[in-house]
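Next come two complexes, and both contain chain A; in the first it sits with chain B, in the second with chain C.
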Partner chain A sequence: MVQSILDAISLGGLYALAALGLGLVFGVMRLVNFAHGELITIAAYTLVLTAQLPLILSIVLTLLVTSAIAFMMELAIYRRLRGVNPAIMLIASFGLSTVLQRVYEFIFGALPKSAVVAPFLRGAFTVGGVSITISSVITVILAIAILLGMGFLVERTSLGLQLRAAAADFKTARLLGVRSNRLIGAAFVLSGVLATCVAFILVVQNPQVNPYYGLNITILALVGIVIGGISSLRGAALGGFIVGVILSALNTLLGNGRVYAYSWLFLLVLIILLVRPGGLLSKGTELERV
Partner chain B sequence: MALLEVSNLAAGYGKVEVITDISFSVEPGKSVGIVGPNGVGKSTLLQAIAGGVSASAGSVRLAGLDILGKKPEDIVRLGLSLVPEGRQIFSGLSVKENLALGLTGRKDKKGAGAAIEKMRELFPVLSTHENHQAGMLSGGQQQQLAIARALISEPKVLLLDEPSLGLAPTVIDDVFGLLRQIIDMGTAVVIVEQRANLITTFADETIVVRDGHIQSRLTPANAANADSLERSYFGAGE
Partner chain C sequence: MKHGGLTKFSLQNLLGPIAVLIIMTFFLNRASTSLQLMTQFAICSFMMVLALQVFVGNSGVLSFGHGSFALLGSYVSGMLTAPTNIKSHALALNQLWHFLIPLKTNIYVGLVISALVSGVIAALTGLLLMRLNGLAAGIATFALLGVTYNIFFNNKQLGPGSQALPAVPTITNTYILLVLALAAIVIVYLFNISRSGRSLRATREDPMAAPALGISIFKVRLIAFTFSGLLAGLAGGMYVHVAGTFQVQDYYLEFTFMTLSMLIVGGSASIWGAVVGTILITGVGQILLMMEQHLPIFGVTIGIPLGSRAVIIAITFVAMLLWRSSGVTNGREFSLPRFKRS
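What follows is the complex of A and B.
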């Protein structure tokens, strides 16, 4: 039971981090960046390929590579398309995602790359007769620490204030002096940092990295964003967390029927959206008086 | 010397030109009003000056510097702020955070503390609500917040798009009283208004816009003649 609760919280935290990465970019660009999954994938490849290095060096390298690719995505593709119809941006991000998957396949091969990352996180310990995996505890601690760090950045810093304002109304934010290129670039770099965090947690649990490694979690994180409220960073994190917890709970509760976990998850998502079409933290819930 | 000089400005959306051949200027401590029926391009004019809408012809000079084609975030740093139509405050953020966003456009970051204090003096009602969610303020308070947020960057030129929209008459008096103080402090102010009678008596010069171009120019003296205003506004007698 304790292990199940820890698994649910750790999966929730993981999805919250992925959803926050997507939510940051959506907030400033109104772009659903499908290629976020490929940032997670390249971070996972970098972690695996640098597993022989000291862990801290491997993580720093991964942060640099992933953030640089995230920034390049914006600079080379999305910046040129800024202002076009959102549907075109969506197709562009989908295209970029597919192209990057093929590029990874070409560079790293179709077969999974594997290495043991952070071996000290493997194994389990016993508390009161209950066996608990180290990775689930570390995942919970890491996810909470990163979410708190992101919470501080978003709620307490000038960059965070600008990100929240841009998420609400980018046009007005620019009229007040918020520099669009700098803010969007920062959002992409931060999404790269979050993709690295997600990849680290994923790779510790499953080091079999293939070109589609980040796809599944990205789709579920998108579901989380919709549940939480697409124009709110808090909503994105909350929605991601809820999806992770529900999925983990379904996997535990359904036993052999866990193959239907996704069906039940999407049914629950539909019910939530029917009750709260704008998401749990949509603008409709804000107290407003005019 | 004029702080803001708009010459033969034309702007619109895509291939549709909304305003054509608009020219006017504002000096420090002076105000220009812009009136006209709905949909004639008054808001487009302010957005084109502030960089929010692309201009297709003409020039806009701020203290002698051509600002046409510059990004809105750069124009605010050069000393021109816009209070957009509908106030556009960030309702989910606190009053304090809304004001802090206004500081983003300041060139001189050292004077930020003094600028906040100045806004507290000028808009005391905002101080008492500074930790409240901005969306919880009344319409008049929200308008004051939008003006304070624009002023905190200490602009040389302030543009306001329908500051009286949705406000009770007594609150409109308060807002225009504040605007008078701001003008008296040396700021050049351009106000788009639906209430023609209000703005023609308030502004040093009022421009009547019809079908995207200037129909006539009024001073408080000749606008006092109701027939003259009506003719300019509705084109009667043409």
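What follows is the complex of A and C.
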């Protein structure tokens, strides 16, 4: 029981991190970056392929690679698509995601690459007769730490202020002196950093990295930001957390029916959207900005 | 937004796409067996893209859910026409519900039923989905695809689950498929210039002004969603009778992405765009496939490494969006080039 609750919280925390990465980019440029999953995938590949290096070095390397690719995405693709219809941008990011998957498949092969990353995070310990896996505890601690760090960044720093201002009203923010290119670039780099954190947690639990490694969590995080309320970062993180907790709970509760967990989750999402189209944290019925 | 879309009947707009499809089919069908098969699949894809055009193109609302209707249509027609001894003996179907086994109709009845079933399901789901706007609508249609895929992939009483339903009878005559596609073009064209079609495009251009003119966004979207679900079901049914087998995985993310990219590359606002997009993506895919296999194209052999085809197609798609985000046709219908007299 304790383990199930801890699992639910750790999964929720993980999805909250992924959702936050998506929400950051959406906030500044109204783009649902479907290719965020491929950032997670490349981070996972880098972690696995550099597993023989000291852990710190491997993580730093992964951060660099992932942020660089995130920044390149913005520079090469999304910068040219600014101002076009959000539906086209969504489709473009869908396309970019496919491009990267195929490129990974071409470079790394379709079969999974695997290596033991951070072996000291595996295994379990017992507290009062209850067995608890180390990875779930670490995930919870890491997720809380990163969420607090992001919270600090967004609420207390000048960059965070600009991010929030841009999310609220991009045009006015620009008029008030926010540099749009620099800010959007920063949002992408930050989303790359978050993707690295997510990849690290995922790889510790499951080191079998294939070209579609980040796809699943991105879809679920996407669902999370929509039900949480896409217009605020807090809503995005909350939505991701809720999706993780619900999925974990469904997996525990459904028993043999757990193969249908996704169906129940999506059904729940449909109901939430019908009741609150703007997401749980939205204020009233707000029309999508055109 | 400067989107195209027609308002009044023009023979040229209607006959252009039809003529192009007939000519393409005529030449490709007789070229070789592999090109014939490609043509048959391309016609099925075109039906699917046309279905997407009706809803996505006219309403401007992105739907990731049409794969569900194609899946459903494919499943229904496949299950209704597969031989009963296959259904009772195939290993993949050993948990099938018994009432499904004796069902047996011919291909055309199967196609009609698959279109109707998908249409009804589209109408029912549309009642809920069409209340949503923008991104929420996109995600909700995605959720629909997720639910359908999840159920069909895991439920072995309903169908073959993650395995394949074999021995579905096939349509070998390409011209039967072509006739279905041409009929669909005419009907879609008439829908697009009808009052419903025009109202729907009005809601796409300005979701504030359209209701002020007395248009119910919910109603016009629901009509189009139902119609396009019906067409997608028919497309799925056609696929299953070309492939000769039904497999759930064929109608998931890759299918959704391929058909949506055909629509967007061609230009989602017109039927002509659907034709051009399908031909372009299929053509590029086929040429790259032949390059991968080191086959000569018009006597010239250019080899590319195995696996690079998929990369190039995806890159082409993204590049196309960067170059012209409203599609190659810019959303216009077919028209003959005009020469100005000076």
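Rule of thumb we're sticking to: the second predicted complex is superposed on the first by the 283 of 290 C-alpha atoms of A that agree within 3 Å, B and C clash if a C-alpha of one lies under 4 Å from a C-alpha of the other, contacts with A are read in each partner's own complex, and residues count from 1 in each chain.
To be clear about the criterion, a residue touches a chain if its C-beta (ideal position, glycine included) is under 8 Å from a C-beta of that chain, and two chains touch if they have at least 3 such contacts.
Everything quoted here is computed from the prediction, not taken from an experiment.
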Which of chain B and chain C A:Ala173 touches, first, second, both or neither: first
Partner chain in contact with A:Val223 - chain B first, chain C second, else both or neither: second
Contacts of A:Val137 with chain B and chain C, given as first, second, both or neither: neither
Touched partner set for A:Ala165, first chain B, second chain C, both or neither: first
Touched partner set for A:Ile77, first chain B, second chain C, both or neither: second
Chain A residues contacted in one complex by chain B, in the other by chain C: 287-288, 290
Footprint of chain C on chain A - complex, ascending: 32, 77, 80-81, 84-88, 90-92, 94-96, 98-99, 102-103, 105-106, 219, 222-223, 226, 230, 259-260, 262-263, 266-267, 269-270, 273-274, 277-279, 287-288, 290
Chain B-touching residues of chain A, taken from the complex the two chains share: 158, 161-162, 164-165, 168-169, 171-180, 232, 283, 286-290
For the chain C and chain A complex, residues of the former touching the latter: 1, 60-62, 128-129, 131-136, 138-140, 142-144, 146-147, 150-151, 154, 207, 257, 260-261, 264, 307-308, 310-311, 314-315, 317-318, 321-322, 325-326
Residue numbers on chain B that touch chain A, as the complex places them: 50, 52, 71-73, 76-77, 81-82, 84, 88, 90-93, 97, 100-102, 104-106, 133, 135-139, 142, 149-150, 153, 166
